[in-house]
Amino acid sequence: MMKKLVLTGAAGRLGSYLREPLSKLCEELVSTDIVDDIGTLYQGERYEKADLAQMSEIAPVIAGADMVVHFGAIGDERPFEVLLGPNFIGAYNVWEAAYQHGVRRVVYASSIHAVGMHKKQDFIGIDAPHRPDTFYGLAKCFAEDLASMYWDKRGLEAVCLRILSAAQVNNPRALGSWLSYDDLIQLVTRAIDTPTTGFSVIYGVSNNDRAPVDNHLASYLGYRPKDNAEQFAEQVLAEAPPADPTDAAQMYHGGPFASVPLGESGVASMNIINDKKEV
Amino acid sequence: MMKKLVLTGAAGRLGSYLREPLSKLCEELVSTDIVDDIGTLYQGERYEKADLAQMSEIAPVIAGADMVVHFGAIGDERPFEVLLGPNFIGAYNVWEAAYQHGVRRVVYASSIHAVGMHKKQDFIGIDAPHRPDTFYGLAKCFAEDLASMYWDKRGLEAVCLRILSAAQVNNPRALGSWLSYDDLIQLVTRAIDTPTTGFSVIYGVSNNDRAPVDNHLASYLGYRPKDNAEQFAEQVLAEAPPADPTDAAQMYHGGPFASVPLGESGVASMNIINDKKEV
Amino acid sequence: MMKKLVLTGAAGRLGSYLREPLSKLCEELVSTDIVDDIGTLYQGERYEKADLAQMSEIAPVIAGADMVVHFGAIGDERPFEVLLGPNFIGAYNVWEAAYQHGVRRVVYASSIHAVGMHKKQDFIGIDAPHRPDTFYGLAKCFAEDLASMYWDKRGLEAVCLRILSAAQVNNPRALGSWLSYDDLIQLVTRAIDTPTTGFSVIYGVSNNDRAPVDNHLASYLGYRPKDNAEQFAEQVLAEAPPADPTDAAQMYHGGPFASVPLGESGVASMNIINDKKEV
Amino acid sequence: MMKKLVLTGAAGRLGSYLREPLSKLCEELVSTDIVDDIGTLYQGERYEKADLAQMSEIAPVIAGADMVVHFGAIGDERPFEVLLGPNFIGAYNVWEAAYQHGVRRVVYASSIHAVGMHKKQDFIGIDAPHRPDTFYGLAKCFAEDLASMYWDKRGLEAVCLRILSAAQVNNPRALGSWLSYDDLIQLVTRAIDTPTTGFSVIYGVSNNDRAPVDNHLASYLGYRPKDNAEQFAEQVLAEAPPADPTDAAQMYHGGPFASVPLGESGVASMNIINDKKEV
Amino acid sequence: MMKKLVLTGAAGRLGSYLREPLSKLCEELVSTDIVDDIGTLYQGERYEKADLAQMSEIAPVIAGADMVVHFGAIGDERPFEVLLGPNFIGAYNVWEAAYQHGVRRVVYASSIHAVGMHKKQDFIGIDAPHRPDTFYGLAKCFAEDLASMYWDKRGLEAVCLRILSAAQVNNPRALGSWLSYDDLIQLVTRAIDTPTTGFSVIYGVSNNDRAPVDNHLASYLGYRPKDNAEQFAEQVLAEAPPADPTDAAQMYHGGPFASVPLGESGVASMNIINDKKEV
Amino acid sequence: MMKKLVLTGAAGRLGSYLREPLSKLCEELVSTDIVDDIGTLYQGERYEKADLAQMSEIAPVIAGADMVVHFGAIGDERPFEVLLGPNFIGAYNVWEAAYQHGVRRVVYASSIHAVGMHKKQDFIGIDAPHRPDTFYGLAKCFAEDLASMYWDKRGLEAVCLRILSAAQVNNPRALGSWLSYDDLIQLVTRAIDTPTTGFSVIYGVSNNDRAPVDNHLASYLGYRPKDNAEQFAEQVLAEAPPADPTDAAQMYHGGPFASVPLGESGVASMNIINDKKEV
């Protein structure tokens, strides 16, 4: 059992679902984010406020950890200047601090948006070349390449989880891209308990009939999702407006991020309401 | 819900199984074939007799449709001259009429025989190059290429279903190639309800243990077959004569069509009896 | 040395350049086309008028030949109905007659337009899947698939030459796609003198710096083009109008055929003047 | 039903589990090994002692068989000189005798160690090039290449089962590599009852969540494992010592064989106790 | 002929060789760098001092240009914080300013160090996934991904030149990696005069016998290098110390950058002296 | 300059051409074979008689060498029992002795016959899976796999030269497969002077127009053949008997070895006369 595990972005939508299961995998879970308070803590959990973009704030939080689960970042498309601190420099700070302090592995919330401009008909594996759809996706590309380099040059392991859409299934794209919270938890758990991972990439998607990506090359991680968005298909398809055959939001893996102008929020069109876990 | 859906080949073996489920996906199902009568109609179904090889007959049937499910053709190997009208020109007529009348998508009964001369050991994906085994298969290649072009040049969507063998499981090859009627219906339904498809190809085969083809690249269509021919394996294998290791009918994906002389019926050896659905 | 060689399309633009070199590879060259007369004959050459679309006309011409060099067809985009006879049925007639009369090999003038809707950035090899840009290209796909089948099922060899543009270099695309007449002659000669070919496909393009296709997989045919369109680059690029980065005629292998509406001539925009060889 | 089936290595750990199921697939099962006695025989089973390395001993055992299931060999790493007789020459003797006596097919216990030096992150299919980790693995490479040649040149079919680890699940690697005895039996049965196989290769691994190899290209064999080592994951991972991220035994498919010096036993570190089946 | 062309990094080692040839391709060449003065100007050349890391300085320089040739950056490995401004933010500024001002294409000095951790035995094409060897290489990955996105989302063309080593041939690695100045000039010229490029990647390497990378997929750009480092082979090999078979600087494409610690200069070991072109 | 280089098979047809050039690459060339005498020695050359199949004879010859150029073996198809000693055990002895005595690299005369059952139309790269055509080819597969393992496990480098046909060009196959003596010498020189090679495979073939194999993946070795068998094409093709389109000797890479029965000489049909170099 690990002694210390760090979770960044603990106050975020996905982070809030990871706190409880992660707290059971270690003696001490240090949750961190930029808010003052994340509510009631789980057993073994401690909260430390820190700004990822400031090495002087995040490095002490990471010191002494066995692994870091790095989910902290702005979770939507914004202008480059806005994302530069938390999403780009923040990633550098996490890896550099992890290396300086002898952390063994970083588990990273990457995203389908790192490869979002591939067409859905180009069924993509984990070896698909980067093709970001937004500055948000560009930051994921940056962190994945950084992770690759820290493994190759410094032996710091990394598992990059290219999450598709961990949100409600309220549109046809989500019938393929859904990642349920239970499957998210399984995915993060596998990324932690696999004995050696080197630099690994894996898609975060449930066992949906219509899942448009291929995880075969990451089979050794043992991720076998259980949920299937097809249960929502009949209703979602009945309510969906007719699709334009040439609509980028339909044709590309990135969905609405593929059609949104660079720098503008792509979330609105996904109808994601705040369903952050209540403690 | 679609207003008008057209089914060609409605009197054929496979068409007869599609009439009922298709009638439930639209306000009006127009079934068409070259026979005078297809028996009792389902709710919302209308029958129109038309010869596919005559543009003047088939175009009016297609006019106003949202989609066409094109299963009409001679369903066996015949001399080229015999297939030219219904299987080649018929396909052209369907796509051209569909384009002229603003139809959105054609769902097409292609066939394993478009790629039947690949060896079974060369596990083929949906991107396998054409390698027809008969004039029958050559017509499927023609229609697939036509479909590709109408999408690339004119934005008319197409889903080509390369059906393996939608017939009884009474020989060892069918243990791998069987497509049950339920799975056929699921397959056609997915080809219709997927919001955008562009030009897609997918194999029509059940979830057989011994299925010899790969649909991974078409995962976004969400086809997940449920039936498995392995239930028939013990009896079929016990009754099968010893196989010749170099028999083309065993070694090639096309099965009996791979060994039959061009222009001669390949169905006899498959013991397909007429199990057309009774209404 | 072959006894009898048949050249179809002998009165065409490319055919007129092949008559002399082919006449030297055989005891008797039978040139055929639909015109009444092709002018002065070369030594050993005989002319027979025949309509490819009529089996009764073309079969007697082919009878007794060792090989057929099949260049006869309408050489531009036309409506499907116009191409059906000469380009589709004509190809069937040639292969079927060749098979019936024991011909060993068909050397076929296929075209880049069989794969013209691939993007130029998708550097394509001879194994690129069909993606026709016109009915003209669709006929090439049809003949290639037919050729594949006659080899697999009947042992009739075929070499399909996917010619890019055997015309003057008067536009930027031609800097990559040019096939000089000398290289055309080398290509056809290799297709004839290679001892065994099975079913082969090879691109017909000169040794241009900017050649956009890959013949590596056909290296065994020994085609090594000598000419290079780069000699025309400075002038052509200086005179060319600014390119639209999203123009299909620039982005796709098919060039102007990729942007022309189906059924309409694509040649006009290529400024091909009639430079048929004078005898 | 086959008349005569030969099982080599019948006294070995895996062979002892195959005797009973194989005895049911034929009229006569001839079990052979180098021990004097293999205990109580199953119905239809006969035992013949023979040294694989001696053609004069093994050929008479094989004469008259329909198929040979060849599991006989030294089952661990040893110096080349020690393996030369049983593992190399023994394989040659089996195939040559099989050919001389008209046997139809050899089902062979190959091993992951034929490709053991591929990294686990390089998810390998059945077409992965040889990369042996030991002399033991080198012998498997030799026999696979021999099998390929006997099929290509002499029409003798072969199915090479690259078994991962058919042993207890008592270490993290085995969570991916485990092959249960039930699945082994299914695998051998499929290798026998598939009508035609030519030369086939397939991995012998259960349906483990963490299975690190890919059998898709061998789907036509219909092997669908049922067991899953994940049932042992919690306990195994809890008891495992921390992994070194650069340990060859963790990073390579060969596991302990990848890190053991050539010629030295690799089994000790796998804690394989003798769990040979008792009759 | 272009009206205005911008060259960044004009005072750098490679930039100084590009000024003269670029000045001949346009009416006005605007050279820019952070030095006060770049010496005598060529005909049609104008110099403007600007800091790439400051949008307010670089944007006005770019305004009104047809294309930007972007060679400005720190040309060696440095700590991330040092490269952040010129190499990361500078690239963003160039693309964003180019987009805002309607520039058609950016020609970018990328580097082999974007993929430097691939093994030399893994012959890499232009589609090799990113695998940076340094923060310097990571910045190249960032800019390539940025370029891909600006093309996909905004239609701004880019040609990324992955330069190997444009320096003297004084070590064995350079026998493969050398890019002569003449070939560099040809490469940049092709990147400019090719009519449409979309997003393209190409290796910058001469026609060396030992060149370790593959430009086939970029053949349409028409780059055909003329120089060959083999002329230096005899002397270089005679003077080279014996190689360690496992030395990263020998085994990886990145050469000395593959073995240098992150953040430390990798140039020293390459014996690159300042051979900047004198005007 | 190397101190000691060992050449096995020095009395053989190819070995006799290598003695002189190799003697110039080292202070001492130790030539070895099973004959008593190899005639006049070159400067710096010493001859030692040794039987490869006897470790006690070959090990002392190898002791102290920097590299071994291993060309010793029976150079034709023979029964397995005949090849076992010199071709199989001999290879093991060379690698094991090389390892025991700290030799850095083995340069090995492998052969196209290791992959001879691939069809010529399946243009093969150096990564083509083994598919031997004879026991002779099987021994080459064995040695290549052995070489791979000694590199992976023990750091002993190897370059395996898959020679096609280093013999006179007197048949159509040789127009593609010819390796001139000059190109052979260049190939062996590159295999020696490349600083690090790990485990490498490369085809030994001249720059023939009709060369049927692909060396791109080994470009880093810098082998650029100069000779071209096309100079012999006119005469060879004129004299060749008509080819049977289905003749294995024509269709497969192995040529006559692909059609010869296992264990019988394949050389006779190649008309190889003894053109061993005279000293």
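Each chain gets a letter, A, B, C, D, E and F, in the order it is written, and its residues are counted from 1.
In this text, a contact is a pair of C-beta atoms (placed from the backbone, for glycine too) under 8 Å apart; a residue touches a chain by one contact, two chains touch by 3 or more.
For each chain, UniProt lists the protein as follows: A, B, C, D, E, F = NAD(P)-dependent oxidoreductase.
These figures come from a predicted structure and were not determined experimentally.
Chemist: Going by the contact rule set out at the top, which chains touch both chain C and chain F?
Modeler: Joint contacts, listed by label: E.
Chemist: Between C-F, D-F or A-E, which shows the same interface as A-B, counting it as a repeat when over half of the contact pairs match?
Modeler: Interface equivalent to A-B, from the options C-F, D-F or A-E: C-F.
Chemist: With a Cα-based fit, what is the angle in degrees between chain C and its identical partner chain E, given to the nearest 5?
Modeler: 120
Chemist: Counting only Cα atoms for the centres, state how far chain A is from chain C in Å.
Modeler: So the centre of chain A lies 52 Å away from the centre of chain C.
Chemist: Between chain B and chain D, what is the separation of their C-alpha centroids in Å?
Modeler: Each chain reduced to its C-alpha mean, chain B and chain D end up 41 Å apart.
Chemist: What parts of chain A, by residue number, touch at least two of the other chains?
Modeler: Only 216 qualify.
Chemist: Classify the chain contact graph as line, ring, star, complete or other.
Modeler: Shape of the chain contacts: other, as it matches none of the listed patterns.
Chemist: Okay, in this complex, where on chain C does chain E touch?
Modeler: Chain C reaches chain E through residues 119-121, 123, 172, 175-176, 208-214, 216, 230, 233, 237-238, 240, 243-247, 250-251.
Chemist: Which residues, counting only chain E, touch chain C once they are in their complex?
Modeler: 1, 104, 155, 157, 193-198, 200, 216-224
Chemist: Okay, in this complex, where on chain B does chain C touch?
Modeler: Listed in rising order, the residues of chain B that touch chain C are 80, 84, 88-89, 92, 96, 117, 127, 129-134, 137-138, 141-142, 145-146, 148-149, 152-154, 261-262.
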